[in-house]
Amino acid sequence: MIIRNKENWFKMLFVWHGSVLPKLLPRLSLLFILSIGVVFFNGKIFSFKIPLNPTPLTLFGFVLALFLGFRNNVSYDRFWEARKLWGALLNYTRSLTRQVLTLPEPRVDRSLARHFIDLLVSFTYALKHQLRDTDPQHDLKERLSEADYSLIISAKFKPVIIMKLMGEWVAGARRTGRIDAIQQMRFDENLDKLAEIVGGCERIISTPIPYSYRVLLHRTVYLYCFLLPFGLVDSLQWLTPFIVVFIAYTFVAFEAIADEIEQPFGTASNDLALNVMCKTIEATLTELNGEEISLNISPKNGIID
Amino acid sequence: MIIRNKENWFKMLFVWHGSVLPKLLPRLSLLFILSIGVVFFNGKIFSFKIPLNPTPLTLFGFVLALFLGFRNNVSYDRFWEARKLWGALLNYTRSLTRQVLTLPEPRVDRSLARHFIDLLVSFTYALKHQLRDTDPQHDLKERLSEADYSLIISAKFKPVIIMKLMGEWVAGARRTGRIDAIQQMRFDENLDKLAEIVGGCERIISTPIPYSYRVLLHRTVYLYCFLLPFGLVDSLQWLTPFIVVFIAYTFVAFEAIADEIEQPFGTASNDLALNVMCKTIEATLTELNGEEISLNISPKNGIID
Amino acid sequence: MIIRNKENWFKMLFVWHGSVLPKLLPRLSLLFILSIGVVFFNGKIFSFKIPLNPTPLTLFGFVLALFLGFRNNVSYDRFWEARKLWGALLNYTRSLTRQVLTLPEPRVDRSLARHFIDLLVSFTYALKHQLRDTDPQHDLKERLSEADYSLIISAKFKPVIIMKLMGEWVAGARRTGRIDAIQQMRFDENLDKLAEIVGGCERIISTPIPYSYRVLLHRTVYLYCFLLPFGLVDSLQWLTPFIVVFIAYTFVAFEAIADEIEQPFGTASNDLALNVMCKTIEATLTELNGEEISLNISPKNGIID
Amino acid sequence: MIIRNKENWFKMLFVWHGSVLPKLLPRLSLLFILSIGVVFFNGKIFSFKIPLNPTPLTLFGFVLALFLGFRNNVSYDRFWEARKLWGALLNYTRSLTRQVLTLPEPRVDRSLARHFIDLLVSFTYALKHQLRDTDPQHDLKERLSEADYSLIISAKFKPVIIMKLMGEWVAGARRTGRIDAIQQMRFDENLDKLAEIVGGCERIISTPIPYSYRVLLHRTVYLYCFLLPFGLVDSLQWLTPFIVVFIAYTFVAFEAIADEIEQPFGTASNDLALNVMCKTIEATLTELNGEEISLNISPKNGIID
Amino acid sequence: MIIRNKENWFKMLFVWHGSVLPKLLPRLSLLFILSIGVVFFNGKIFSFKIPLNPTPLTLFGFVLALFLGFRNNVSYDRFWEARKLWGALLNYTRSLTRQVLTLPEPRVDRSLARHFIDLLVSFTYALKHQLRDTDPQHDLKERLSEADYSLIISAKFKPVIIMKLMGEWVAGARRTGRIDAIQQMRFDENLDKLAEIVGGCERIISTPIPYSYRVLLHRTVYLYCFLLPFGLVDSLQWLTPFIVVFIAYTFVAFEAIADEIEQPFGTASNDLALNVMCKTIEATLTELNGEEISLNISPKNGIID
């Protein structure tokens, strides 16, 4: 995720990092060269004049606006739902920690509480690694006991297994009479919420926008941009390449951003900062447990991942 | 569902599989031939010039954009709600399994837990078969006891009957004193959630978009496409067939995709991969129960069903 | 609700039943005749040329698109919310039945269960009759005991009174020690859900879209259609009546459908099939209770009500 | 709220009451006169021709459509959320009444139940008076005991204090052993829902749409209307005033309705009928308590308040 | 937040405070001067005529409308979600206070209740200060005991620590037998809600709209405005600067408001009045506890913060 202070409206016009422009430069250059060619030959191909005018471009504009709007809303909804799920993760891990610390009677000692909190934090990291398809070994090993670690590391659905271990922690507290049936139920309800978070993230990552939509939109955008110079050359003359590239930039960049945030769990510059969220969760749970914390989030090149 | 790796923006322009183009080819060819005819006769029919120009097409554009946008949003919402319901199915079956494994005191033995998990998995398959209107015999027979199977197979609303069997499993655990009233309530709440999932899927499948909408939109799109060559021939001349087919492709394909995902439980290439979801649920529940799993999802021609 | 198999794209263009065309025919004929007049007199009224051109029609197009889109979304949302409420009715009656059959210890006998199910089914029918403002006597009499029937039939808010009877059934089960406080709570929660369904339906039926909206939109649509021939006659000549009627058909039909589904509990052809839903609920509850069912839903002229 | 039977499509074009036209007449007359002036002087001011054409009006159209659409959706969402909150009020007061009548063992006598119902109904009226900023004395005095009344009438947040009294009623029932902890919890949960309803209504009334939006939209709409005659006079000539007023009517009326329903708790003709809803709630709760009711809702001039 | 009485439609056209116009004046002046230059040189730069006409501006209009609409909806949704979270804060603090006052048996004395209410109010202030990044010392010190204060003030996530203290208050009430397990659960559930509110606010403040969107939209809006005079000068002549500035004002102001309410927790004039909400919560909780209140909210220059 890109972290930036608010900028002057004028400076913001020339921002380079954080804009998708660099990535799109080759395509736009291609279009620029094509447009120059179109101007040079006055919109003729082998002395055949391409009889294109703005009318079909306007008609097309309706569909494109429709398409891009739809694609974009869906992508942003996915992005925001993913963020909500990770926000809920923060909420429920905090609530579970509060419950561990205040419900049992007599209180659980700090190391027992620490065990549960370690499971919660490992759960968070395991989910992150599953979503990013990275190796969870390091993050899990340093937080879990040997027994828990070996059980989890061989599993395919690691966060789900960790949830079961939490369930067993709670069952243990019940067995030793520290909590009663009602309190166990409160834990159990919040474990259900964790299951919803895992499933929600898996849903987003496993079900992209229907592929046919993406193909169709992609084609429409690029063909539109390719037709633009032919439609505009008669009226804009030598200005054509500039206007065409600018219009195209807006359309193509819009599609590119939508494409980037559609899968918000990756590490592209507009994706969610799962790493930072894991660290924040660990810090807030540790603080709740009465321990010292040091939370240090420093963006690299204005980006946190 | 179509599974594809991210492709180069250029290659994606020429994708054939996964695009709806093949299905639409006959209609578009028809339109192409019509447009050639229109160009050939200069927009005249029996020497009567059809006095159509872009103005009514633009006016029409507003309605079409409106219509297609509405149709599309509704279809996508249905698709995504269906996906959410199946995602919730994953969540609640996992939660119920965790409860079976951690709530009872003393623990239920593995075969008793297996019985409940088999009911959950059968529930999933029964729902899939009901939604796809396919034969559930094979999938149910291999997972259920003889008694359960004969009870379920003759029922009309199979998943509902399986839910009742789960309720009886829970009542049994209560009767033998393994769980108390509170824990039974937790099970019962999650069984209610399963009922909501079944009802939600039945709602989507039994209530399509009001038929009058579909007829009206269909007519508007096709008549619009049919009028296009007459309106554009004067300005676009020999380019008319290409532009017309391209605009029409976008409109018609948009409607076709919306039509496909409106009923997301089918087996068309953009529908939900219910089969894979059933297998995933079975794998994750089995893993939770401490058994080995092998989950093998290999797309055929880039499609999972 | 109109039930139709998927049709060939070509045949669908000429569907007559299920389209709103028949209802709109008189208005469109009027417009057609007006347009012919406009063409005949070249857009003059008493030799005064009406100086209308497409420009104001385009400006107007923005407002209309806006208006129709809004009206339509709101109407569809009402339709779909109503459907969701009836879907929830299915879910919660099933859940309550499952609870009646699995929670009490010892089991309630079949006739006692039957009593509760009869209340649930009567509740469903009473709600339907209240929403459609039809006579519930027949449907209630054959399902309820004499005492219950006389209590309910004189009430104004019948479903609410039936809910209270269910509450008393549950309180009776509690008094006889068959269920404990926790289980009573589970019943009570689901009765609350039924109350939400009743209130939700009453909300939809008692609060239409603000009347001023409807008047304004109605005027805008019709005046737009009336101005169309004057604006188009100069460029479209003899084609004017056809194009005008076609554009008008789309606008007017769009408004007409939105108007129809705004109150989705009626018996118009696009309204919800409450009758079929009542029968389905009765069938699934009866099946859950272990009895034979015969569910026979046959559309009349492709319509279920 | 305006209550009207469905009207013939033709008659609806000439409705006067219930349309916002009367309120807007002065502004539109002003615009009409201005337009006549513009036509008379051919769009010249002191012999300077205003060189306005439809192009900037079209460009502007995009922004306006955007703006009005946004403003309108937000206003309607507020209207509908307010209606949902009052619908929820109906649901939860019914549920609480059902609980009062069926949960306690032994039953509470009718006068004790009546006390709780009176609190519920007073709660409803108190909320109405708070939202409409009217005097609640009369409505509260006739329904409450002297003690309760004096406690409530001096409070600033009256419905909240009434909620506390309900909590004390429930605590009293608990103390006398009529309900157990679980049942108290069920009451308590529904009291929480009432708190959400009060807070939701207060949120809507205390937080209008950001003021800057309203100013900006207002300016855009009126300036647009003011520019219209200059832009259209060259092509529409003497027809200009009619077309201008008609387009302006649609825009301005749209904004006026949105403005009216933005604060839906007032007594303007499109606002919610809180009075009728209070009466309905009182009637349904009284009927539930087994008493006779007479619910008489007769619109005055087709309006209920 | 700007507090204004309803104004006459005419006066509202000339409102200065509360409009974003003052802030945008420099940019618009720049554009005005540029436009005058363009008119003066007839759209030529060094005797090269810039061949721009309205066509690309119309094409562009589609994208802009799309973009602005999206940006605006997202910003408003964030604003409204933030308001809902603070509304929920009001609801749940009221509910918790009602529970403190009515659930324990025997009643807690006023000072003990006061302790809990102080924690709730401190929680509210701590959240406000965290969101606005201001110093909470003063507000916390006067409401908390020395022990609580020193514990909280050194914490990074202050509201979360306060929540834990509330949990301990509840656990204390349980230990002394004033509440039972069920009632503790009711408290615990509402503490979970508070955790959701904290997390929700943190989510909104830590995750702005993806930066690339903002850059792209910003560029598109300003470049569009810069191109406007060149595209309009031929047809509008000396009117160009006025029309250009007016269109630009609308676009730019729209973006500026969206930018302002995107982070609704600040102190800009359209942001949420967190201060007033804190005071309201304190007043209503105090009143519930049977104490006198004086709630005095007076806007400064029509603005509450």
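As written, the chain order gives the labels A, B, C, D and E, with residue 1 at the start of each chain.
The rule is simple: a contact is a pair of C-beta atoms (placed from the backbone, for glycine too) under 8 Å apart; a residue touches a chain by one contact, two chains touch by 3 or more.
Everything numeric here is computed off the predicted structure, so don't read it as measured data.
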>> Which chains sit in contact with both members of the pair chain A and chain D?
In response: E
> What is the graph distance from chain A to chain E, where chains are linked when they touch?
Replying inline: 1
>> Counting only Cα atoms for the centres, state how far chain B is from chain D in Å.
In response: 38
>> Counting only Cα atoms for the centres, state how far chain C is from chain D in Å.
In response: 24
>> Going by the contact rule already set, what residues in chain C reach two or more other chains?
In response: 58, 62, 65, 69, 181-182, 185
> Reading around the ring from chain A and passing chain E first, what chain order results?
Replying inline: A, E, D, C, B
>> Residue numbers of chain A touching chain B in their complex, please.
In response: 27, 50-53, 55-56, 58-60, 62-63, 65-67, 69-70, 74, 155-157, 160-161, 163-164, 167-168, 170-171, 174-175, 181-182, 184-185, 188-189, 191-192, 195-196, 198-200, 202-203, 207, 210-216, 218-220, 222-223, 227
> Which of the residues in chain A end up touching chain E in this complex?
Replying inline: 1-2, 4, 9, 12-13, 15, 18-20, 54, 57-58, 61-62, 64-65, 68-69, 72-73, 76, 79, 83-84, 87-88, 90-92, 94-95, 98-99, 101-103, 105, 180-183, 185-186, 190, 232, 235-239, 243, 246-247, 250-251, 253-254, 257, 260-261, 269-270, 272, 283-284, 287-288, 293, 295
